Amino acid sequence: MDDLGKTRWVFVDGYIPAWSNGPGPEMVSHEAICVLNAGGQVAKVELTVFFADRDPVGPYRLDVPARRTLHQRLNELTDPAPIPPNLSYACVLTSDRPVVVQHTRLDSRQAENAIFSTIAYSG
Amino acid sequence: MDDLGKTRWVFVDGYIPAWSNGPGPEMVSHEAICVLNAGGQVAKVELTVFFADRDPVGPYRLDVPARRTLHQRLNELTDPAPIPPNLSYACVLTSDRPVVVQHTRLDSRQAENAIFSTIAYSG
Amino acid sequence: MDDLGKTRWVFVDGYIPAWSNGPGPEMVSHEAICVLNAGGQVAKVELTVFFADRDPVGPYRLDVPARRTLHQRLNELTDPAPIPPNLSYACVLTSDRPVVVQHTRLDSRQAENAIFSTIAYSG
Amino acid sequence: MDDLGKTRWVFVDGYIPAWSNGPGPEMVSHEAICVLNAGGQVAKVELTVFFADRDPVGPYRLDVPARRTLHQRLNELTDPAPIPPNLSYACVLTSDRPVVVQHTRLDSRQAENAIFSTIAYSG
């Protein structure tokens, strides 16, 4: 499955809710970028984060081992800088090998959580 | 990244819920069109809104600066006319440069909010 | 915009929840198929519905006027037969002209509603 | 419709919530993989499940009869092994005939359920 996926992916509706209800870590408001590397060699992934009112930040570097998936909470990235909550952003992922990418938000700002998820755009 | 994206995008399930629960602005029922311009020059974007029972309205003109993302609440568009709440619509976005587009609804008509989001259709 | 879209679309996770909470018609559990015909002539659309344990049912015929969108609740189709609630189904849409299709579910079986939506598959 | 769909599909954000609220079976937290085989012959489907920290598991074998849809709860797979709850995974589906695939999660860990669904990635 070394050919499964693409090397450039985008999601646009990035937004980390600023507060939460319910038990952690599951019910903490968060966004996750989910990457599948079905191939036989490690995929070196870089994220660049775009904002409305400031220059892009990145690259955030992630390794996805061969035949593994990585579900990375975007809240937990720190290098080169945390992504601020309550601020709109977008994200471009590039990889040196084909991967598949999905983006998910869990919003628990109200007492009952809400979720969305979408396969990212590859192009 | 001047080539990232497409110049024509569509979402079809447009609908601005007519009432809300919870603190604003975050919890006000709304829809957003999220645009990423990863390229080096401003993208001039136009929206046309289609309805079930009347002629299309537009263009709504938006500029997305170079290397920026714009998350525009559709509720807040006023020129050439506001989009009525509680009315089904669809939206075609055209851009003079490649962009990526995602559409999201937050519905807080009941006490706990619900959300969906999807990468728009490019074609 | 006569060329906008495709002539065959699919959604697979069809399911009409069997009960509801909250005021109607907005909060009645339902699924909608949303069609945009951005072109200059009426689009003649046919739906075929597939099930797990019985033969497909259809065609359901819908007209989408030129430059209009149609948001059709699947609960409300009656000809050739209603789609049963609480039963998994899938749906293939064919059109004589290009259209764009999105599928949405609002589930209000619990006190607070949940929603999802996705651009359908075209192929 | 023998040509409708693709033979390889992926979803990446797999996660079976570990607890539930509300009446079963409808309101039990679950994920479903929904497959449409619109063609005239049975489709032999295989799932491979990928994890973050262990080798992939599979194949899970499913038959989708001609002109039928299968909505399979991933919680209910047992052969070759159940998918553990509260653990991130991804899934690759291969089929000997074209099919269309959609992935859905219903999360009822809080009192009111949340849902997402997305057409899977084909490539």
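Details
In this document, chain identifiers A, B, C and D correspond to the written order of the chains, with residue numbering beginning at 1 in each.
Methods note: a residue touches a chain if its C-beta (ideal position, glycine included) is under 8 Å from a C-beta of that chain, and two chains touch if they have at least 3 such contacts.
Because the structure is predicted, anything quoted here is derived from the model rather than measured.
At the interface between chain B and chain C, two copies of one sequence, fewer than half of the residue numbers in use appear on both sides, so the contact is built from largely different positions.
Copies chain A and chain C of the same sequence differ by a rotation of 180 degrees once their CA atoms are superposed, given in steps of 5. Comparing the CA-atom centres of all chains against that of chain C, the greatest distance is found for A.
Taking the mean of the C-alpha atoms as each chain's centre, chain A and chain C sit 30 Å apart. Per-chain Cα centroids separate chain A from chain D by 21 Å. Looking at chain C, one finds that residues 111-112, 114-116, 118-119 touch two or more other chains.
By the touch criterion given at the top, residues 112, 114, 116, 118 of chain A touch chain C in their complex.
Note for the complex: chain D touches chain A at residues 8, 10-15, 17-18, 50-53, 55-56, 86, 88-90, 92, 105, 107, 109-112, 114-116, 118-121, 123. Listing the residues of chain C that touch chain B in their complex gives 1, 4-6, 22, 26-27, 32, 34-36, 38, 67-71, 100-102, 104, 106, 108, 111-119, 122.
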